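Chain nomenclature is as follows: A, B, C, D, E and F, assigned in order of appearance, with residue numbering initiated at 1 for each chain independently.
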Amino acid sequence: MLRFDPGDRRIRNTRHFDVYEGGGEYNVARNLAHSFRSRSAIITSIADNEIGRLVEDLVRQGGVDTTLIRWVKTDGISSSVRNGLYFWERGYGRRASAGCSDRANTAISQLRPDEIDWNDIFQTHGARWFHTGGIFAALSESTSDVAIEAVTAARRSGSIVSYDLNFRHSLWAHRGGRSAADALNRKLLPSVDVVFGTLDYDPLLDGFEPLKFSSAAAAMMDQFPGLKLVCTTLRTVHHGSLHDLSAAVFDGKDVHVGPTFNGVNVLDRVGSGDAFAAGVVYELLSGRDVGSAVRIGTAASLLAMTTPGDSLASTYEEVLQLANSDQLSSR
Amino acid sequence: MLRFDPGDRRIRNTRHFDVYEGGGEYNVARNLAHSFRSRSAIITSIADNEIGRLVEDLVRQGGVDTTLIRWVKTDGISSSVRNGLYFWERGYGRRASAGCSDRANTAISQLRPDEIDWNDIFQTHGARWFHTGGIFAALSESTSDVAIEAVTAARRSGSIVSYDLNFRHSLWAHRGGRSAADALNRKLLPSVDVVFGTLDYDPLLDGFEPLKFSSAAAAMMDQFPGLKLVCTTLRTVHHGSLHDLSAAVFDGKDVHVGPTFNGVNVLDRVGSGDAFAAGVVYELLSGRDVGSAVRIGTAASLLAMTTPGDSLASTYEEVLQLANSDQLSSR
Amino acid sequence: MLRFDPGDRRIRNTRHFDVYEGGGEYNVARNLAHSFRSRSAIITSIADNEIGRLVEDLVRQGGVDTTLIRWVKTDGISSSVRNGLYFWERGYGRRASAGCSDRANTAISQLRPDEIDWNDIFQTHGARWFHTGGIFAALSESTSDVAIEAVTAARRSGSIVSYDLNFRHSLWAHRGGRSAADALNRKLLPSVDVVFGTLDYDPLLDGFEPLKFSSAAAAMMDQFPGLKLVCTTLRTVHHGSLHDLSAAVFDGKDVHVGPTFNGVNVLDRVGSGDAFAAGVVYELLSGRDVGSAVRIGTAASLLAMTTPGDSLASTYEEVLQLANSDQLSSR
Amino acid sequence: MLRFDPGDRRIRNTRHFDVYEGGGEYNVARNLAHSFRSRSAIITSIADNEIGRLVEDLVRQGGVDTTLIRWVKTDGISSSVRNGLYFWERGYGRRASAGCSDRANTAISQLRPDEIDWNDIFQTHGARWFHTGGIFAALSESTSDVAIEAVTAARRSGSIVSYDLNFRHSLWAHRGGRSAADALNRKLLPSVDVVFGTLDYDPLLDGFEPLKFSSAAAAMMDQFPGLKLVCTTLRTVHHGSLHDLSAAVFDGKDVHVGPTFNGVNVLDRVGSGDAFAAGVVYELLSGRDVGSAVRIGTAASLLAMTTPGDSLASTYEEVLQLANSDQLSSR
Amino acid sequence: MLRFDPGDRRIRNTRHFDVYEGGGEYNVARNLAHSFRSRSAIITSIADNEIGRLVEDLVRQGGVDTTLIRWVKTDGISSSVRNGLYFWERGYGRRASAGCSDRANTAISQLRPDEIDWNDIFQTHGARWFHTGGIFAALSESTSDVAIEAVTAARRSGSIVSYDLNFRHSLWAHRGGRSAADALNRKLLPSVDVVFGTLDYDPLLDGFEPLKFSSAAAAMMDQFPGLKLVCTTLRTVHHGSLHDLSAAVFDGKDVHVGPTFNGVNVLDRVGSGDAFAAGVVYELLSGRDVGSAVRIGTAASLLAMTTPGDSLASTYEEVLQLANSDQLSSR
Amino acid sequence: MLRFDPGDRRIRNTRHFDVYEGGGEYNVARNLAHSFRSRSAIITSIADNEIGRLVEDLVRQGGVDTTLIRWVKTDGISSSVRNGLYFWERGYGRRASAGCSDRANTAISQLRPDEIDWNDIFQTHGARWFHTGGIFAALSESTSDVAIEAVTAARRSGSIVSYDLNFRHSLWAHRGGRSAADALNRKLLPSVDVVFGTLDYDPLLDGFEPLKFSSAAAAMMDQFPGLKLVCTTLRTVHHGSLHDLSAAVFDGKDVHVGPTFNGVNVLDRVGSGDAFAAGVVYELLSGRDVGSAVRIGTAASLLAMTTPGDSLASTYEEVLQLANSDQLSSR
């Protein structure tokens, strides 16, 4: 999606927007490519007009391979197929961040099963990791099917599969709400190795307790035996500009808790969870252990909130330095 | 519509946009309110989200009465109803201006007959002039009907009715093209007093010849006896930044030609025709003659191309001074 | 007034200013129109030059009715009559905000009694509330008289009258100082229903104690029996970017204290008191009680400090959500 | 003065201004210091507030000595003494440049005779050239007297004196108009060596003819025998963005005409005449002849129109290169 | 190189710069990748610090493959190896563009023979075209040798080799000047198929005459029998903002002249020759003829001057449309 | 040096830089001239190209006398001599500030003994205070010698000499590291009266204890009997945007500790130590005591961190007000 950011103004009275690219699944690929200097590609569908080409320009800057993008012909008024847009303002202190998205009839929401040859992609490109999430899967009936098709093919190819449970009320409002989303999740999770988020327990809403988290995560693993890791960020929102941040990963046996950063100054929260995911993915792909993954993920998640835009703008060295910082609880 | 302008960059590689409001029919109202300090109101439909509220903020700045806007409930992803957007870059010299619009499913395209009580509007508010055009009428089947409903009610109320024949290929591409547009125009023109544009002859494409213009205009009047004036701008485009500009109005008897401005530096062409219309409307509403109308319209049309955004940013005094300038043909 | 804001620079070394409109009394009208979507109009006098027209453009954007503005002819050098300007920088942490105003010979300071037909205004427009304050009243001898004329007419018309005691040392420096200001206040208060600020006790300087406040407010009501509410914001300034904020209203019987927001991040303090006033006015005009008024007023006051410019840029829904927030004292 | 420039916007609808310093007499000193790397100082009076300090910051950047500035105490509302401001927009093609100034009650307009010890300045600092002009002299009755006092002292000290006849209608509107200005000029010219502008003949309005110019200039020299040079720019304004430019100097015997630049692209015309003056002054101070002076002056005048702000932003080498360019009449 | 652009200001008094990437050889690769959507890679050496990483970010945005970049370790003060920078301002009308570069000790200038395995590159990647030029070759003694090594390997691999004779006085000032450059060119040309520029005749300085050009080009081909095409842009510079533009290619038999564009508005001239080269390369790579190549090259060259930055920001479709435009000689 | 600041972006993905001038020794002179309105001059060497002239423009704006700058001829590619540049981003909360400098082959690093006639400078200009530091002294072997030459001449002339021990690892990395820096310091300190920083004890790293500080400082004075004051800032860095700040000065007898500011919001830390030095120098030059010097120095140091750029942008009055503030420890 193309993101419109009014900077320190509000959307409703600005006269100027900065633009970024964004999207939950893309952000993970972008962070892997840009900050962690891994090769990553985005598989998506974009309407071929000036807006789509701007998105491409941003994606290229992000270092993400654009060759798997499907370009869909559109007309000059985007009547049958469009590109997704979202408008987001950052908030300031107790003034909350806010915005809206404009994602009806997007090219990606119109993607249908069989339009992408997943087997070819996984075999030809030899992808070691496939990541998708609950936003893409919720875009339409057909993207739900595409998601299932994709994770199945990925799993079959031997690629590790991660999935972000990300729930957007707005996407499910007319399609069955949370319970429909859960139903979809339950179709996807059998093919998933690493899940971001939890079912039946939300550490953000319910307060984090290691035991509750481990028992919820263990229950998920019982239900979906392919699951190897259940991951979540932990966050106390004092107000929009001030969070406490940590993260936890359950590996079937232990809960690994990341460093706890209290009193984190937040410039732009969007993409913080995706940076966590990217950090976890990168560490695991690099052969490091779960403790390392949660540490790097937490630090990446924090740093992603200190720059504008959805994505992490820090290097691995910077993430590592913060993850290993001694001053974690100061302030 | 909300207009996104990348300034002196291109849409496809910019990182920021200025925003303006625009739209053919609105621009006329805006110019009347802002430059000509007449009271004007916009009758339209806007989806009630942050984007819509930004449009409202811009319309208010334009001095146009916003109380007749219908606010349509939408959801957080604009799934069923949206606001229209357009992206336009200015061009530079021989690099042409370019862009695209994103106007599927807009609130205004969903407007249906009987949703607006036109009789009430014309009677209660006592509007002296009603202006609409071929863009609004072409948005959808239902807006075609609304346009007919509106001009009929306006004419019945005694309001003067003007109509801009404005043809956008993109709007008619899937709906019968130019001939379908013409068919619609022929349904609307019986209720029209002042028309901008011509049928069966295009001075811009075919080259302006007074006799051809007067005979084409006279033919229109024969067909639609209510028509009192046929108006058109005249333009030679040397390249995107350099035009020659004039205008002509046929009053059933004579062709009144405006001043000819050669070698006009163009910053942003969009809205130039709407400024011409506003100038003509204002002069006529002020009781001045057709010669004055075409002079003021031409000068307004020129000045609208010297500032960013769709609208005229000059005062009546400035328009008048240019219209009466002695140095029209210099350079 | 036209406000010049150097953003995160200092006035004395900037090369660029953003502009906003501002002014204590105007801000209340602006907040009512824009955030609270009430109809409001500004009665003022502006010199008719490019600067004045820019102010008009900003006021229109603010949604405030501009038809009661008196436009005063000026010459090209503003020799006899000018528009008021002020330059204000925001400060940062312990660097205080700072600035100066340039308000000699303004059109509004030259307003004299009998130039505005207040009776006509209140009768024709049926204003339900009239708000003015100690800045306007202090501009000149003649605006003192105009203020008295206005509140008298307003009260007589049945409109509710509110008055902000706002004292600007700079305005009274050569005209008798605080005691002269108090003398004027005492002439105005007999016609006032709702006063913002207190005589003989300043909760900001002296520390807020409910009993002290209620006895000072009760004393005011004894002296001016028409007074129905005495309102004040309560504020602890840790430094320019960090305040604690609350508010209190005495209704003749009880002190209603608003929510207490500790550790408020302040972007731009100017206009915070005016947002409080607008919140109070709106709630009372909407028929809600004093407790609701002080809650909404406090939240509006906070939010006005989170955006640049004098005015509140939040919606009623956003104000309400903050006012009812459970996390008021967290940090 | 502090100059507010809305860039490519109009004053009346901009939301931000760039700031520059400007003023006819100052610009000459600035160009001498900055482009021609001569030492120069400004003798003026500035109100000591944030606005004045910003002017000082700009003057320092200009390389002009600020030690002779008189700082006048003001209050926080600029009630008795202010700093001069002006708002100017550049125009675009046939949209003319426009603006207004705000110069009532400025510190400089309140300067009175005997407040500056001119003899001390000319003796202590050994100034070789003193330049003033018709804008400063016209600010008030007292600056007229100060101008006379200054040129008399300068001439007495042996300094060369130049004077720019610059007439601003707005400054004389209430004080006798052109004839009063002429009367003042006739008091000043007896102490002047080099005059910019002509009496009784205006090459810009009347069309340049060498004979007319030389006879008008000769007549001035007859009347004011101290005059050694009469200098003027020559300009054909096709429209605001396109001028033809040249200049002429009469030395009592011959008319020296500068190079003729046709089809000059104009970004910001303001200060073009002052750059001409600076070029002439510099060449003469450097011991070069009148032919060289008019060539350098013309080229400087052109270059000053190619950058924003009042002043020339080119080096002597660049001016020289243009002055000696072979392609003067091409286009 | 990292390019610093002060926009419409001058370098010497700006307070901010936009940044772009640039460099003669890179620009060709960038235009091929971005506008012509071919795959291209840059082979260069960059010092690994924040500046180098910004260059990488820009190159990625340009769509050019970055995997062949050699990253050279540097210290925190760039003491032994740096990245090249250049500062360039655009000029305006008769104010010429100007700037300077800062390219001592750059990583690329330190590249030595044998550091890059050219054979591997051409064999592994199967490059169909290799382009280099006289700027890279002139950076140092060792880059001269690297250039020879590269073109030899490229030619040997069967890749087409093109070379831009580009001469920068500043690079040869201390190393033998034009004659030393020519000597180097004569070492390189035996391996070159397509040359941009001419020896012993300069159409820009000497005036274009087809016969002179063809005989100079034929003489080059006699001397370097491998040469298949001699290409040059043709340009009349009225002033910095207004050029006439065309191009010519000699194919050993005929001179193919591109369309002639008179009165071209120039925003930023830098990179215009590189866009010509890219257009020629693309057409030939696409199997089209020399006539098509010179047409596309000319149009690309023009369009590159209408946007800021070194590179072409237009699509192939836009280039084609201009190349085929009927209005080439208007104005 | 010219400083490039990406604002709230990161260097590695910005498209735009603001520029400032900076440099440890210069900053002190700048603060003295600009904030404390003392006369100060910079003695340095700058390569004479567009970049150097931009530095001059910034230095002039800073109010620092530029007449002692030595302009060194360079070529168009800065091959033999350059100007120093540095790129610095501010950080945000726990994201640390970062950057790199580009200072090889700078004109100033090439300065050699005997190129500046120090005796003439101190005698002719009667400088009362000479300040230099460990950055300049470390630039090269020859600047080490120049520093010794300068402090010796300064001391001999009766000027007070201050020296900042400032150690930059990057400058000494290839030249002996900390121990070589210390060796140089020990050659310079015999001519120094006031030293900023301590040998053999670092309050920032080791934690401030008055006794440790006084014994380290006393040991320095034993070793260098000319030393009269040992000065240091004291700082606890919670994270990049939040410091606690104080300062201490040992006068041979007592430790004078400045006010302690806890919870200081930091916008841009660079130059904070230089502002402390400037405050100390100014107070002592003004004849005030050491207690006053440390108070003013501490407050200046804090304020310098609240604006972008290296330098203090506050007036003496503002510094004084903060120094005397009662709310020092609140938060």
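Quick note on the criterion: a contact is a pair of C-beta atoms (placed from the backbone, for glycine too) under 8 Å apart; a residue touches a chain by one contact, two chains touch by 3 or more.
As the structure is a computational prediction, the values presented were derived from the model and not from experiment.
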Q: Please give the intersection of the contact partners of chain A with those of chain D.
A: B, C, E, F
Q. Quick one: how far do you have to rotate chain B to sit on chain E, C-alpha fit, nearest 5 degrees?
A. 120
(Q) Let me spell it out: compute each chain's centre from its C-alpha atoms, then which one is farthest from chain E's centre? (A) C
**Q.** Chain pair among E-F, A-F or A-E whose interface repeats that of C-F, sharing over half of the contact pairs by residue number
**A.** A-F
**Q.** Euclidean distance of C-alpha centroids - chain C vs chain D, Å
**A.** 44
Q.
Just the number, please: Cα centre separation of chain B and chain C in whole Å.
A. 41
Q) What residues in chain D touch two or more of the other chains? A) 12-13, 15, 57, 61, 98
Q | All pairs of touching chains, each written as two labels joined by a dash | A | A-B, A-C, A-E, A-F, B-C, B-D, B-E, C-D, C-F, D-E, D-F, E-F
Q | In the complex, chain D residues that touch chain B | A | 8-10, 12-13, 91-96, 98, 238-239, 241-242
Q. Can you list the chain B residues touching chain A in their complex?
A. 4, 11-19, 49-51, 53-54, 57, 75-80, 82-83, 85, 87, 89, 98-105, 168-171, 173-174
Q: State the interface residues of chain F toward chain C in the complex, per the touch definition above.
A: 61, 261, 264-267, 302-303, 306-308, 313-314, 318, 321-322, 325, 327, 330-331
**Q.** Footprint of chain D on chain F - complex, ascending
**A.** 57, 60-63
